[in-house]
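Listed after this line are the structures, all set down as structure tokens.
Both of the next two complexes hold chain A, though its partner changes from chain B to chain C.
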Partner chain A sequence: MKIEVDKLSKWYGQVIGVNNCTFTLKPGVTGFLGPNGAGKTTILRLLTGQLKPSKGSVTIEGEPVWNNHRLFRAIGYCPEHDAFWQYLTGWDFVYSLMRMHGYSKGESAARAERAIGTVDMMSDRSKRIGSYSKGMRQRIKLAQAIAHDPQVLFLDEPLNGMDPVGRRMAIDLIKQMGGEGRTVVVSSHILHEVEEMTDTILLLNHGRLLAEGNIYEIRRLIDTHPLQVTVQCEEIDVLMSKLVAYDDVQSVQFDRQRNRLTVETIRPDEFFDRLPDIVLENKIHVESLWSPDENLEAVFDYLVR
Partner chain B sequence: MPIHEATYLQWEGAVLERPMTWFVIARTGVRLVWRRLLAILLFIAAIPVIFRGGQIYVVTRVDVGELPARLAGALQIDAGFFLNFMKDQIYILVPIICICGAGLIASDRKYKALPLYFARPVNFWDYVSGKFLILVFYGGLITIAPALLLFVLQILLTSETGFFNAYYLMPLSIIATGAVILVVHGGLMLAVSAFARGIRSAVVGYFALIFIPNLLARILSVFREVRWISINRNIEQVASTLFGRGNPYSYPVWVGGIILAGIVVLCLAVLRLRIKPTEVVK
Partner chain C sequence: MRFLFLFFIRNAVRSRRVVWMTVLGLVPVAIAVVRVLAANLLGTNVDASGFFLRLTSSLYLHILLPLLSALIGTGIVAEEVEDRTLPYLLSRPIPKRRIVVSKSLSACLIVCMIIFLSLVVSYTLLTAGGGIRSYLSNLGSLFHITAVLCLGSLVYVPFFGMLGAAIKRPVLVGLLFAFGWENIVANFPSKIRLFTVVYYLKELLPQTDTTTMGGGIGDILDYFASGAALSPVVAVAALSAMFVVFSGITVSFLYLKEYRMEQG
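Our next item is the complex of A and B:
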């Protein structure tokens, strides 16, 4: 199913949530990428017909989606939040939502069972949602979104709180559903999560569409952005003297009190290849190493600058 | 480990064009409360029924004429007996409505569960009527059902047909009074639940709306007739008319009726305002 978004805007009083976005979503998986507060959830709610656009339109296969209950049958929605209906069992939760779609008791039960099996929750289906871990709640939420066999699937931060096994399962399922010709939209603020599911992304920030297209194109843009790497070690003078010799290192800042060295490099791959050799040769005891820049927010700041 | 088919197929069977989503919401809610609070509910509901049932048993087995006139009058089974029973049940209904209703909408709002409903073929009326029916079910168990049970008990225990001939319309009065009680209290609880930030504040708000006007009415009525400010006094006024008894208070019954209708309209307006898919503004 093709989703067409034309000059879409949404205001909350004086605050603008979505600002004049135009794009088309085709069958397959599309990632909505943006930092927190970028407008991803608002756009998803506009796309699922829960919010009325202030301006512009959202259509699925040419039909306006706002308040269109016939279309709602073809849509699966996995919201971001998951702390609801604590006293229901996982099975009751999915079953009740299937009944709301208009399926018979038998069909609802069969669909609930199949969806719960798909997300590997069969053994915990009779436990109350209140006793579930965060990852289990995410799985059961995913089950309710896929149980009615939707042609369009919207997943808002579906991997939040999932353990590695759950993440693998969810990523495989999302890819499989996209591969079957469904239109799957996944929102996330973590780049590598989306990268594992799809090549096609939309970049959002402050309610505006910054870029759309192939993730590798975006990657290329991001790669020109100097990456910050912080190293914590006793021998920061030695490390600093070695690192400044390389031309990819644009700047070095140090914090003697905390024994930290923050380096800005324009070629992170080369930097990370070289760093272990320097550390070994000079007997530097690295306590920790991290990149404060590796979050999407920093990348977005760079892109919009 | 069971093997599950991972591929989803379009269902060939019939999907209800207009599914009774309100019924699904109501049934799920009723089942949830039933599992958690069944014992408490049955215990609270049974006490006045047993007491009143005992009264019916005594009256039908003992020659009331031999009792002192005052006691005989108090034990008499007539429209006043059922009216008083319904009025007394309101005070049991209030905590029950709190237990069942405070979290009905407040929790959905707090935990941002509304999108789960409204991303499906569920509209505002489906949602509200589903939630309301949960309160009607449990409220009915406290008010209408025991009153009808007592009516049937009286007919079964008395050997004469005089009572039935005189009060054959009593079930309608019971149902109509129960409906007034449940619509007003249920509507109020839902509106407060939609307005509140959590279950606790919903309970406090509901109690405040019921008991503060009650208290004020009692205090101010020393100076002038203002009992119409109390929700329960208005219900009593309307209920007395429905049972064919005189007005207990000195203001016209239509004033009470209009105030109750106004409360229901106001509650609907609050629900309409508050029940939307949660919008996050950053």
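Our next item is the complex of A and C:
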């Protein structure tokens, strides 16, 4: 099914949530990538008719989504919120939502069972959702979104809180559904998550569509963008003397009070390959290591500049 | 529609809110117990039916019905927004009006059940001393009162549902309406009382001797108020019209207004 977004804007008073976005979504998996607050959830809510566009339009197969309940026969939606009717069991939850789709008792039960099985929740289906872990709640949310076999699937941060096994299952499921010719839209603020599911992304920041296309272009951009790495250790002088010898290190900053060294490298992969050897050879006791601009925010700032 | 109605009923009976509402519904029962005990200790006769009718007017009609309707009715839309479960309902192929009507009816049924349970226990306590004949003789009044209060819930619940769909703090505004507007304005001698729900409900209740009433703002103002009685047909028609208008406005809100779930 074809989803068309035309000059879509959404504002709340003075605040702009989505700013003049135009794009088309075709069958297959598309990732909405952007830092927190980029407008991913707002766009997904506009796409699922939870919000009304302030300007522009959202159509699925030529029909507007807002106040068009009939479209939801073909749409599955997994919201970002970790919210449920807490008194229901996982099975009741999926079954009840299938009944609301108009399926008979038997058909709803069969669909609920199939979907719950797909997300590996059969053994916990009779427990109350209130007693589920975050990962289990994510799985059951995913089950309700796929149980009616939708042609269009909107998944808002579906991997949040899932354990590695759950993530693998969800990623495989999303890829499989996309491969079957369904239009699957997944939002995430984590690049490698999206990278595992699809090549096609929409890059969003501050409500604007920054880029549309192949994820490898973005990855290349990230790889060539200087990365800052901060290391906290007692032996910062030793570490600095070793690091400055490499030509990928563009700058080094000290913070002696907190024993921190911030390095800017233009080849992060090489840097991270080399660092463990330096640490071991020189008996440096690293207390912590992090990258202040490792997240997408830095790349987006770079793109906007 | 039937499934949605049962779904909302099932969710409601398992919620803490309804448990507390049921406890609240037992307040008139406690009053009936005190009255019976006091009568036994003092050795006086209890005018069972008279006291029951006064209890109905002062407590059930003026306090319990609007209070329960406000606390449960305001949640029709607002509860789904607060609990952030509305997206699950709105992403189903069901018209929004069906969601509102099903949930309104389930809320009405909950209010009616709590009130009916409380009325039956109060009535039984008050009439038990008089034997089975006394119990059966006023059973008609019990069902009459229950029917009127249920009709009241059919108007109050959509009204409070409308508040819940429209504003952010519906319970507070709902209580102000229930105990401000409804309890005071309905007793004014002018035509303004036609704009209250309780006025029509009072016209439908079995008539009581207001001069002997023992309390409640409504009862005191009743004493000073006067006016021609309304025919039951007109009262029912007015209440039915209110039900349609309030339900219609609540449904419209869901079509016109968007609900932003707070990030959690």
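The rule is simple: the second predicted complex is superposed on the first by the 305 of 305 C-alpha atoms of A that agree within 3 Å, B and C clash if a C-alpha of one lies under 4 Å from a C-alpha of the other, contacts with A are read in each partner's own complex, and residues count from 1 in each chain.
Basically, a contact is a pair of C-beta atoms (placed from the backbone, for glycine too) under 8 Å apart; a residue touches a chain by one contact, two chains touch by 3 or more.
Note that the structure is predicted; figures quoted are calculated from it, not measured.
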Chain C versus chain B on the shared chain A, clash or fit after superposition: clash
First, second, both or neither for A:Y103, with chain B first and chain C second: first
Touched partner set for A:H69, first chain B, second chain C, both or neither: both
Touched partner set for A:Y132, first chain B, second chain C, both or neither: neither
Touched partner set for A:Q50, first chain B, second chain C, both or neither: both
Touch count on chain A, higher of chain B and chain C: B
First (chain B), second (chain C), both or neither touched by A:F32: neither
First (chain B), second (chain C), both or neither touched by A:R114: first
Partner chain(s) touched by A:W85 [first = chain B, second = chain C, both, neither]: both
Footprint overlap on chain A, where chain B in one structure and chain C in the other make contact: 12, 45, 48-51, 69-70, 72-73, 75, 77, 79, 81, 83-85, 87-88, 96-97, 99-102, 144
Contact footprint of chain A on chain C as seen in their complex: 3-4, 7, 11, 14-15, 83-96, 255, 258-261, 264
Of all residues in chain B, those that touch chain A in their complex: 2, 4-11, 13-19, 21, 24-25, 28, 31-32, 35-36, 107-108, 111-113, 115-123, 277, 279-282
Sites on chain A touched by chain B in the complex: 12, 15, 17, 36-37, 41-42, 45, 48-51, 69-70, 72-73, 75, 77, 79-81, 83-85, 87-88, 92, 96-97, 99-104, 107, 111, 113-114, 117-118, 122, 144, 146, 149, 173, 176-177, 180
Complex contacts: residues of chain A adjacent to chain C: 12, 45, 48-52, 67, 69-73, 75-77, 79, 81-85, 87-88, 96-97, 99-102, 144
